[in-house]
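Each of the next two complexes has chain A plus one more chain, namely chain B in the first and chain C in the second.
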Partner chain A sequence: MNVEELVAKVKEILSDMVKDVVVHKGNDYIEVEIDKDNIIEAAKRMKQAGFDHIKDLTVVDYPKDGVFRIIYNLSSYSNRELSYYIVGLAYNIPRDKPETVTLYPIYTTADFQEREAYEAFGITFKGHPDMRPLLLSPPVAEMKPLRKDFVVKEEPIDLK
Partner chain B sequence: MEGNGGKGEGKVYVGNLDVAAKSARKILMSSLRLGKLVDWGTAFSLWPVHLTTSCCGCEFAAAWSPRFDNEQHGALPWIAPRQTNLIIIEGTVSKKMACAVRLVWEQMPQPKFAIAMGACALDGGIFYNSYNIVRPWEIIPVDVYIPGCPPRPESVARAIVELQRKIKRDGVAHKFVEEGWRPDKEYVKPKEDVCAWWRG
Partner chain C sequence: MSGIVRGTVGFNDLKLPGAWTRKIGKDLYEVFIGPQHPGSGHMRIIIRVDGDIIVEAEPDMGYVHRTMEKLSEVRTWIKSIPLFERMAIHDACNVTLPYVRAVEKLLGIEAPERAKYLRVLLCEINRIAAFLYGFGIFGVFLGHSTMYMWPFGDREVWVELAEWLTGARLTHTYPVFGGVRRDVPAGFTDALRKAIRYMRRRLEDYRKIFVDNPVIRSRLEGVGYIPRNLAIELGITGPNLRASGVKYDVRMNHPYEVYDQLDFEIPVFQEGDAYARVLQRVEEIKQSLRILEQVADWLDKHERSPILHDRFWKTAPPLYKKVFQEQGRAKLMAVYAILKVPKGKAYERGETARGEISYYVESDGKNTPYRVRIHSASARNALVYKYILPGHRVMDLPAIYGSIDYFPPEADR
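Moving on, here comes the complex of A and B:
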């Protein structure tokens, strides 16, 4: 299976939900953009098609467009042909209302990834069983440190 | 100990214990010159606590391995803070870990010493100006710094030798016995409560 066949396969799986497909350099990663409301249905279909786990969850902040782009990187262990590729399932949510739904019931590995997105960007995943900060302490998580408008405090270098 | 109805007979008058102990300490320290002995003893019983804050902990572990053998300097990592007197901060200290560092530091018996290891412990290193780190000298008084990213195990050995020299040269330990605190080092109190998030 080459990457064109993968794109065709993903388009066939998701059919009308696909808004845009980008093949990244290296031909082993494609990014599929879908609509926010379709994410659960899309994840269910992708899981049935053989993408059995989430490798990673990435959030990108676009302050000029006023959106957060949430990307679930899916791949496969059980299907050998799909395991060479990673498919990014991406969708945008508005920046001023950072709420979306969890994929925890479909992909169990989304648990910690979504908690990290919650602590770093302040995105709430509805339906998540345990929506607490994962690594950061609660006061730091409240600052939402990975947002683009977060300003780090300048600290001088002065040893004692 | 009690007298016969407070009539004065059979009473044992005990002087001010603090004053008595202090003068006894002074006599021992000045006339018998026990100070050097105390310093010598302390210099060769530096027990670092096992508190691996970050990745420099690997080099810390290697420093006590057979190849580098820091035990020859009279220092051996020990498990519980109550039985240790040296804290080696290994690398970057995150805000969550700062609470643990401070708690361990407060549990250790006096006289106690601190070594900051690695570039992150000096000024932040690659995490300089990050939102989630604390410089160790903001929460505990540091005696010796080891630069490097990460420092080699030899550097850890050198830092311990340097600390021993400092103890013997400045008489840190016997001054602590005389005064009751370390006169060479200021008391460091964290600017903000590092455990506030945990206490709730």
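Moving on, here comes the complex of A and C:
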């Protein structure tokens, strides 16, 4: 299976939900943009098609556009052909209302990963049974450290 | 477990759902394992027990969280390599290689063939060292002090080889964009072959004293069973996944460097219990030894050639080239410090000793990354404790914890 066939396959699985498909450098990673409202249905279909786990949930902050981009990078263990590729299911949510729905009922792998996105960006995943910080303590998580407006303080290395 | 009450010390004014604590049921007893337990390292598992049966387990990570994803955003591209390898210092090459490869993807370059072989060489040396480290810790968990001392002693062989090759025992910063830092020193491959012979002999010793030991077997067999479909559902990775019957290894499914030209197998066990995971790791060491032999043969057959991509190597002053010809060291050029990476996104993964590590790298054309997302093997395997521990006895916890080969600094990032 080459990357064009994969793109065609994903378009067939998700049919009219696909807004845009981007093939990134290296030809092994594609990013499929969908609507926020379709994420549950899209995830269900992808899982049925053999993308059986979430490799990684990535959130990227774009303050200029006023959005968070949520990317569920899916891949497969059980299907050898699909396992070569990563398919990123991506959608944007507004920065001033960081709320979305959880994929936990569909993918158990989303459990800790959504908690990580919650503590680092302050995004609430509705329906997640245990929405607490994972790595950070609550006061640190309150600062939403991975947002772009959280600036890392640099200390001078010279002695005063 | 019933109801939810408002949280404890200090967090009362925070409006975070995370500041809630749970009230535990009447007949349950809550036990905190770690974070300063001699074996567990910097990780805590909160278990709730009924009698001595675990009914609920909650992995509590983050004690060695070092905000690597955020820090990488304020550092130049090259400076992130020594930062990321702090995740697993004895597995440094495996952990940083996917990051290096992701940036190479964005730059549109590929390392020369010799550098690829050298990367594989250090990756496998690191892998064996990390497995031996894991065995040592596992020995402590099971109260088998010989199995603690032997692998830790034998690990020294591989650490010294890595030191001879790179100049550092741990945290080698060996792969850099476009190649590696050093060529093999004279006499290295002979020492490597000797180490391979020694390790094969020692694996036989381990089998006699540990793997076939009836006490160890009775503690591990049938314990911590992860069925195949659950392993896939939880997205666990590495030897733990393969011990549950899933044939998935990044070196085979998404080959990188020269793994597709080497002859090795991906061992798979169907049993899925703690004992299978031990056998799995022993088999993986054997396969790593096989790979190392082939790499040693290749290095013997080929003359010294550039180990950095032309794009960087052509900027090197004549003195640097002279040093490389005489000593096999490639001093890094100034261009690395001011490197700007073209706009774009790249996703790259690699197989570390504990499983798959993946990097999402996004660049906006500046001299620092826009976003680097790391998801390491241990972070993915941590989910196991939540879903596998319930139903086991407390005494099985060390056996399960050790058999997963969880490494807190790698999970916390």
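Annotations for the structure displayed:
The working rule: the second predicted complex is superposed on the first by the 152 of 160 C-alpha atoms of A that agree within 3 Å, B and C clash if a C-alpha of one lies under 4 Å from a C-alpha of the other, contacts with A are read in each partner's own complex, and residues count from 1 in each chain.
Rule of thumb we're sticking to: a contact is a pair of C-beta atoms (placed from the backbone, for glycine too) under 8 Å apart; a residue touches a chain by one contact, two chains touch by 3 or more.
No experiment lies behind these values; they were computed from the predicted model shown.
Applying the stated contact rule after C-alpha superposition, one finds that A:D16 touches neither chain B nor chain C. Of the two partner chains placed by superposition, chain B and chain C are both touched by A:P138. In the superposed model, A:K153 lies in contact with chain B only, and not with chain C.
Look at A:H24: by the touch rule set out above, it reaches chain C but stays clear of chain B.
Look at A:T109: by the touch rule set out above, it reaches chain C but stays clear of chain B.
Residue contacts after overlaying the shared chain place A:Y84 against chain C, while chain B stays out of touching range.
Of the two partners chain B and chain C, it is C that touches the larger number of chain A residues.
After overlaying the two complexes on the shared chain, residue contacts for A:D96 are found with neither chain B nor chain C. Applying the stated touch rule to the two superposed structures, the overlap between the chain B and chain C interfaces on chain A comprises residues 135-139, 145, 150, 152, 154. The touching residues of chain B, counted against chain A in their complex, run 95-96, 122-124, 128-132, 135, 137, 141-142, 145, 196-198. By the touch criterion given at the top, residues 135-140, 143, 145, 150, 152-155, 157, 159-160 of chain A touch chain B in their complex.
Residue ranges of chain A in contact with chain C, taken from their complex: 24-26, 28-29, 31, 52-56, 58-61, 71, 73, 77-78, 80, 83-84, 86, 88, 107-109, 111-113, 119-120, 131-139, 141-142, 145-146, 150, 152, 154. In the complex of the two chains, the chain C residues touching chain A come out as 10-11, 14, 16-20, 61-62, 65, 67, 69-71, 73-74, 105-106, 108, 231-235, 241, 246, 248, 253-254, 344-349, 356, 358, 360, 362, 370-371, 373, 375, 379-380, 382-383, 386-387, 412-413.
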